[in-house]
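Think of it as A, B, C and D in the order they're written, each chain with its own count starting at 1.
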């Protein structure tokens, strides 16, 4: 039997001259599951697009890609992968129509039913579906014509952790051979039989998932593994008086109670995590702690009220920097009293201290990566000499390496004697970073 | 249903505020209405008692709110006063001119749709290649060529040189194509730009990539996914242009001596015939709001998320 | 580039227009299509009666001729009976379009209707009485002597002749329809004056001057009335159309002079002003010959006209020197430190006034005037204020449409006359004008008119006559021999296309 | 996008040279010369002469000052009023915001040409009135833009961070809010400039704006429409000038829009 995918010597150069892939060779045997893992910018998306024939106009591809028929495709975010103006049924049936075929009677229904989805809901529009279900519908559509190969590009990254497994299981059931593109090494290890590590456009290491995790050989792979938050986590909480103490906080917006009962104590040098799904009230809690809005009930004891004693780190790092300002101005914004030259020097020092010394302090945020932006944002927070830093999903949207760097930086901030609160839906992150993790569910916090 | 009511209530509020502005403008205007009314009745050199009589008749001595309320009351019951120029009721003048303007605007819209879509599709299909450049060029030219220049040229070349169509339009269907085409030229560019943008947005969305990965060609992607996404913004702009055509038609109607509301407005301004100016502007506001409400409803009907 | 894409809908437009043209019925050979700016608002024979004689669906009792005289039209004769009474004898066999005969009774009815409701008639014939004296004769008795009655009866704004019972007229054409866009006329088969040559006439109201001339160029219309001067100039050399002009110049561009204030309160300055204006250059060079050079206040063809307008710069300078205005270093004259400055008002509804004013500015500068040209939206309104202007340009004829010279004179130059806008108060001139009202003998009338011209033009120069305007039309090929009327009687039974003789 | 910047700047520079250098190098645009009427283009008169023998190029240059000057006046006036009104509405909130927003809503709910026609209808035709009238219509979109910019600014992460760091309100406005608003307003204004040029010359063409003998482009076209058949150069000059000016504004606006 011929392999489901055979890529040999594939190089891709974009129109602007960027070389995204350099001589990549890969094979996916029939029935095999290969995960391609890499940091953002490693070329893994280009690889997926090349296999699917979706390279943009003007991109130059050399080498060869051989597939056994047209591959099925599962995209990253099910909501953007489905036309919001069309029904889910249309989305599934398009698998046949786009190939110039007529969907056999009942075939779409059978495909979604096979993944335990409700057939009646096919007449609904995507926004009426949940993300996990919609992604399973996409998987059903990808497998509709029984392709020899299915390409899945970050199929779970838009989903909550407990839905990811469901989706991966569905993918495993419906696909023949599978090529999964992911930044998540742990996910790759769990679901793929073989992992290829992509770095700067080239495959640096290939091997069975277990071996790669246990014994990474290439330095890049080692960095990826090292950046994984250790599941065991749990550091000894440093003893000390609580710096910030919240008791029975509550906050409602109109009829909707966002936070119903939350109590928390944070000491200097401590990192406290708050875990919860979206809509559980964690962002509101954070705003209460940051003093951005007053609680309806409960008490909040804060050490002092000088400006800058509490500083935020936001979810969308790039949006949190003024796009028109050079980064040195953003970093040193809290230092309102100093002259520009002095401030610039401080910014250069600060950048060097977090491994961004190579950046020109006059750069504007538009030219930085998301991870670099987040580090700049943390520098701005630190510059105000805060007693408390509140971080809201500080690593969302970042690749593993960048997320690891940001987490490390937050840890350093805490070690400097600042209290840090991190809220996230990512238990792995919190486990590796925090001294103490609380869970919040429907506005009620449990220790 | 509640949404529709809210929409209508908001439109009514805007209309009310606009009516205050329209009325207030006339109040600010220099000149004595009584003299103008007398002039319209053939009294060129009135004596003081005549002026006083007309002032009393028009209630010019009353307080401003009283006058506004009376004017608004009249407007709501279809009485916008009488033209200072002809002495006829403004509503009669408007009613006489409205069909010609409607005919012109509807024809212009009908003429604009196909070229607008053709340009937009050429641009979206041939993105970054010559068809796109061509369609962008046409759009730019369409937006930059003033309609009065186009109209004058069409009149000279098509009608006078080639003898096709008529110079003095009487507002019937037979005379409509040329002025409608002139009016459409400006709309085409605007619509094509909006449609092209929406098509390109839809074509670069992830769901379009999914469709392509499944084997769809570009044309199929644009037809199946692009069109539904281009419809709402196009409808919104179309509603506004159709409603706003009355103002745009003023220029075209004047060039082609089209007996419509737009030319009536220009004639009334030149003759300082304020009641007619007020009537035309109010009619324009009404048309524009109707267009906006219709576009809003159509957009909502077309998007399941709303 | 743009042609490529616009072609489809242009083609659609063209096809549709072609189809539309094909659908139109072929124009009958003897059907005249006219475009004019002024709309006939209604068929009311009193308020809008003047349109009837202009467009040939009605007639007058007397007819103004192209020689500047008046002659009986629907009347057979008009004779004076003493100081303040006249006998009007009707022509035999005149019929209204309703079929009724125009007899003395019908005439009395219509004259009484005019006397009751027509303000123009009422103010001219206050207290007049009409009595039937024979089957075709009525006697008109007026409170005061009215020497100009023949002209009044020939004036379109006075006695339009209509049947009081049915509202119909006597003209060669019947009104088929009238709306705000057009007037459609058809031949009256029973016209009393014999065969009407045209089958019908369509008069369309097109305010835009460009559109009117274009309509003739494109063949949509045969005659365009009141063509703007701008449009005429561009028609020179266009073989498809011809510009036709009337015999007499009945309209004039004149400057009303503000004699209430300096510097034009001094007759020497006014005379200098008149002498410094080169009317020939204005009419022939500035206006491309679309105006005529006036030699006096009245057309030369009239027996009482005096040729007393001339251009003589040295004489103008002498007068100004005499009046104490001395030239300064920049050429402008001044007296007691005040410059010889005047403001000329042009008015926007008559765009030609602007270039004429600008040209006069240059001409008058040679005599030492400092001229400011102002543009006002309405000529009379601006002149109603006593200040802010010196010369107010305005198109006002010295003759009424019934060739009456007296009424315009009385209105514009008599003390407190309704159109005496410059504040002329000249007892001598008033006396002459009053004398004219009772001057029944032509010789006496002509003498007084010459006297009035001597005072008003030579001695006092109360008005500045600038140029003469001749009625013109733009005619298409089939009407290239159409002769426009000097007095707005555009159509009659003999109006017809020129036939084979001019077809080539 | 580079191309649009280059083309736009080149066109704008051309017009600026025409407008500014015109009076130095060209004959008097308003002085009639009856001996030289309606001459076709020649070395002495590169664009020919008009009905009164005036040099068309000189009138075009003079018209550039009038048309572009008036359009710039409208745009500047509109932008200035809009920024102030929008800023005040965004910061003051409450009844002030409600009042300003209502007026803006109404103005935006009426096509701008109609607003201009209404105001000219009340004040009477004339260039100054037209500029006022079009400014009335021009400020509303700028006000709405500024207001929403100011309103969202309060919750923008960079602003929140600055406020939490103790940066004063005024400094936040000057540093974070206004510069961004300025760029946006500039892009909107550039787009509006093209529409204003078309509207202004269109209404002047109808006789509602500049009055003769002012050499305004639309007015020049109105004066010359009769001469299209016999002297087409009279229309070519102002026609092409309007085209170039509107395209320049459009190109520059495109470029600014892409930068945001």
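The working rule: a residue touches a chain if its C-beta (ideal position, glycine included) is under 8 Å from a C-beta of that chain, and two chains touch if they have at least 3 such contacts.
Just so you know, these numbers come straight off a predicted model, no measurement behind them.
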item	value
For chain C and chain D, chains touching each	B
Between A-B and B-D, the pair joined by more C-beta contacts	B-D
Computed distance of Cα centres, chain C from chain A, in Å	88
Chain B-chain D separation of Cα centroids, rounded to whole Å	21
Gap in Å, rounded to a whole number, between the CA centres of chain B and chain A	49
Euclidean distance of C-alpha centroids - chain B vs chain C, Å	40
Sites on chain B at which at least two other chains make contact	141, 145, 156, 160, 254, 272
Residues of chain C whose C-beta touches two or more other chains	217, 377
Multi-chain contact sites of chain D, meaning residues that touch two or more partners	124, 207, 225, 229
Every chain pair in contact, whichever chains are involved	A-B, A-D, B-C, B-D, C-D
Chain C partner contacts - residues on chain D that touch it in the complex	32, 34-35, 37-38, 51-52, 124, 207, 211-213, 223, 225-227, 229-231
Touching residues (chain side chain B, partner chain A) in the complex	127-128, 205-207, 209-216, 220, 224-225, 228-229, 302-305
Chain C - residues contacting chain D, complex	210, 213, 217, 228, 230-231, 233-234, 237-238, 281, 285-286, 288, 348, 351, 354-355, 358-359, 362, 375, 377
Residues on chain D engaged by chain A in the complex (per definition of touch)	156-158, 160-162, 164-168, 171, 175-176, 179-180, 183
Contact footprint of chain B on chain A as seen in their complex	52-54, 57-58, 70-71, 73, 75-77, 80-86, 91, 94-95, 98-100, 125, 127, 138, 141, 151
